[in-house]
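In the two assemblies presented below, chain A is common to both, partnered first by chain B and then by chain C.
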Partner chain A sequence: MHSFGYRANALLTLAVTILAIMCAVASFSDTFNSPSPTAEIKVVNIHRFQKLSNGNDEVAMVLNISADLQSLFTWNTKQVFAFVAAEYETHKHVLNQLSLWDTIIQSKEKAKFSVSISNKYRFTDQGSNLRGKEFNLTLHWHVMPKTGKMFADKIVLSGYRLPEQYR
Partner chain B sequence: MAWVRDQIDAVKSIQIRQLLIQAVSLGMIVTSALIIWKALMCFTGSESPVVVVLSGSMEPGFKRGDILFLHMSKDPIRAGEIVVFNVDGREIPIVHRVIKVHERKDTGEVDVLTKGDNNYGDDRLLYAHGQQWLQRHHIMGRAVGFLPYVGWVTIIMTEKPMIKYLLIGALGLLVITSKD
Partner chain C sequence: MDWQGQKVAEQWMQIFLLVSAAVAFVTGYVIGSFQLMVLIYAGGVVLTALIIIPNWPWYNRHPLNWLDSSEADKHPKPQPVVNSGNKKKNNKQK
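Coming up: the complex of A and B.
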């Protein structure tokens, strides 16, 4: 009962159990955080709007994004992945979601920002339905914990419209 | 050395009844591990409920050796989710983030484009030749939970098989020689 093997085994089991419980508690403590992020997105300029040779519409725009995601950070937060997506409906598709820009925020201090950017990923439709199209710009965030459950949410900003003519 | 001698003596002193008991307890360990794995498969609805991150393409979120828990539900796939997908002609599944979704009205089929957070461009270069989009059947599950470092055990074991055999051997010996 008192051999080296038994003691090592008991110690290892205890250590792993405590570590597992601590991870579970850390992850569970995130549920007490009720964040209240804010976001504002402006379309500053649409500098290209054309039909590509394959028949798909493409838009290039400059966005002004200001957001405050500081309340998402807890002691168990490793990073917040935030991105802005354009979302719209066409006669063929219930939902089109196109990520336009994203960022990885690793500290609470950097979670309040205001940037002017042109879209990082191409805003291309599957077809040519974009003229005069109304769309939403949605700020999504995905919180990656140091350990445990990941969670995500979004702020939907609606009422944006693309021009009637290519330019 | 005394410990080793004790162990050898223990092996020598095994009787047939004890041998049977030990075989049963070894069987219990193996089957309970199998039961846990299959139960996880049932609960999560994913054919592999746990995956180990093998590349750095999702850094700094997921590093090599981290473990992800997967869940496969009927919920539609949306941009921003981290999915595990298989590409035809590639053995190892990839864990990347969805950046574009087009969901058809008539059939409900989705076209999905993915990208690794740490990669410069999207994943079209990783897909099969000429493939532009992923469909539902490529996707094995979405990541819902995260545990750091634990996956290193399996990475070391697959890359250094000697360690694996040593470990299995030592554990087997322990089970056989342990006196309940």
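Coming up: the complex of A and C.
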């Protein structure tokens, strides 16, 4: 501590070390938060269901998505990425996932929402497997903290079925 | 900065940084604002830097008392014995 430069160096080193520890503890404090999010998705209308010229099935639908993800937010949460995926099984693959809609939630106030939207991304099967197909609508979310590791979870909503006929 | 001042400066630096970190963390956690935690800690670091880094007069209250140069003349530095080197050389050759 004998010179100006030595003191400045010592101060900076200790300050940054303590800051790193604070961030680690802040990240650890997230483990005390046990979130209880809820979600409800209604298929309001299937307004297009057709076979494309290349043989793939395509669906266009209007969804009503209500979700309360506020309990995911802690003081260490930067944002939450949420997306709704259609998930179904075909004879070829056990799990087919299609993202229909997504959003980035940047504050706790905006984490409780109810929207009616048509699917943002095309619901197209690689093949012609969708007639009468039962599928799940799953709300996935990825929590992005300010410090620490990201984590993801989901709510699976089942019991949806596509019509037997193209329209 | 004298020896005592350096010791005090280092101790104060550690205490101030740890206290401001604790205050910042608790305040941020209770209010629920990460930004507030960072701002309080940044303020603490700047304040600590102002207290610790400049050579303030209160770090120079214990100056070293050097002996007067006349004392050195009275007690001259002992001179090395001249033939000790030769003895070593002879031993090695044997």
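We adopt the following convention: the second predicted complex is superposed on the first by the 166 of 167 C-alpha atoms of A that agree within 3 Å, B and C clash if a C-alpha of one lies under 4 Å from a C-alpha of the other, contacts with A are read in each partner's own complex, and residues count from 1 in each chain.
The rule is simple: a contact is a pair of C-beta atoms (placed from the backbone, for glycine too) under 8 Å apart; a residue touches a chain by one contact, two chains touch by 3 or more.
Computed from a prediction, not measured in an experiment: that's the story for all the values here.
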Fit or clash between chain C and chain B when superposed on chain A: fit
Which superposed partner A:60 touches (first chain B, second chain C, both, neither): neither
Vertex chain A; arms to chain B and chain C (CA centroids, nearest 10 degrees): 40
Chain B versus chain C as contact partner of A:79, first or second or both or neither: first
In the superposition, chain B vs chain C on chain A residues touched: B
First, second, both or neither for A:43, with chain B first and chain C second: neither
Partner chain in contact with A:146 - chain B first, chain C second, else both or neither: both
Chain B versus chain C as contact partner of A:155, first or second or both or neither: neither
Touched partner set for A:29, first chain B, second chain C, both or neither: second
Contacts of A:4 with chain B and chain C, given as first, second, both or neither: both
Contacts of A:93 with chain B and chain C, given as first, second, both or neither: first
Closest approach of chain C to chain B (Cα atoms, Å): 12
Contact residues of chain A, present in both the chain B and the chain C interface: 4, 146
Residue ranges of chain C touching chain A (in the complex, touch as defined): 1, 6-7, 9-10, 13-14, 17-18, 21, 24-25, 28-29, 32-34, 37, 41, 45, 48-49, 52-55
Footprint of chain C on chain A - complex, ascending: 1-2, 4, 7-8, 10-11, 14-15, 18-19, 21-22, 25-26, 29, 74-76, 146
Touching residues (chain side chain B, partner chain A) in the complex: 3, 6, 60-62, 76, 78-82, 97, 99-106, 108, 111, 115, 117, 122, 143-148, 174, 178
In the complex with chain B, residue positions of chain A that touch it: 3-5, 23, 27, 78-79, 81, 83, 85, 91-99, 102, 104, 106, 121, 126, 140, 142, 144-150, 152
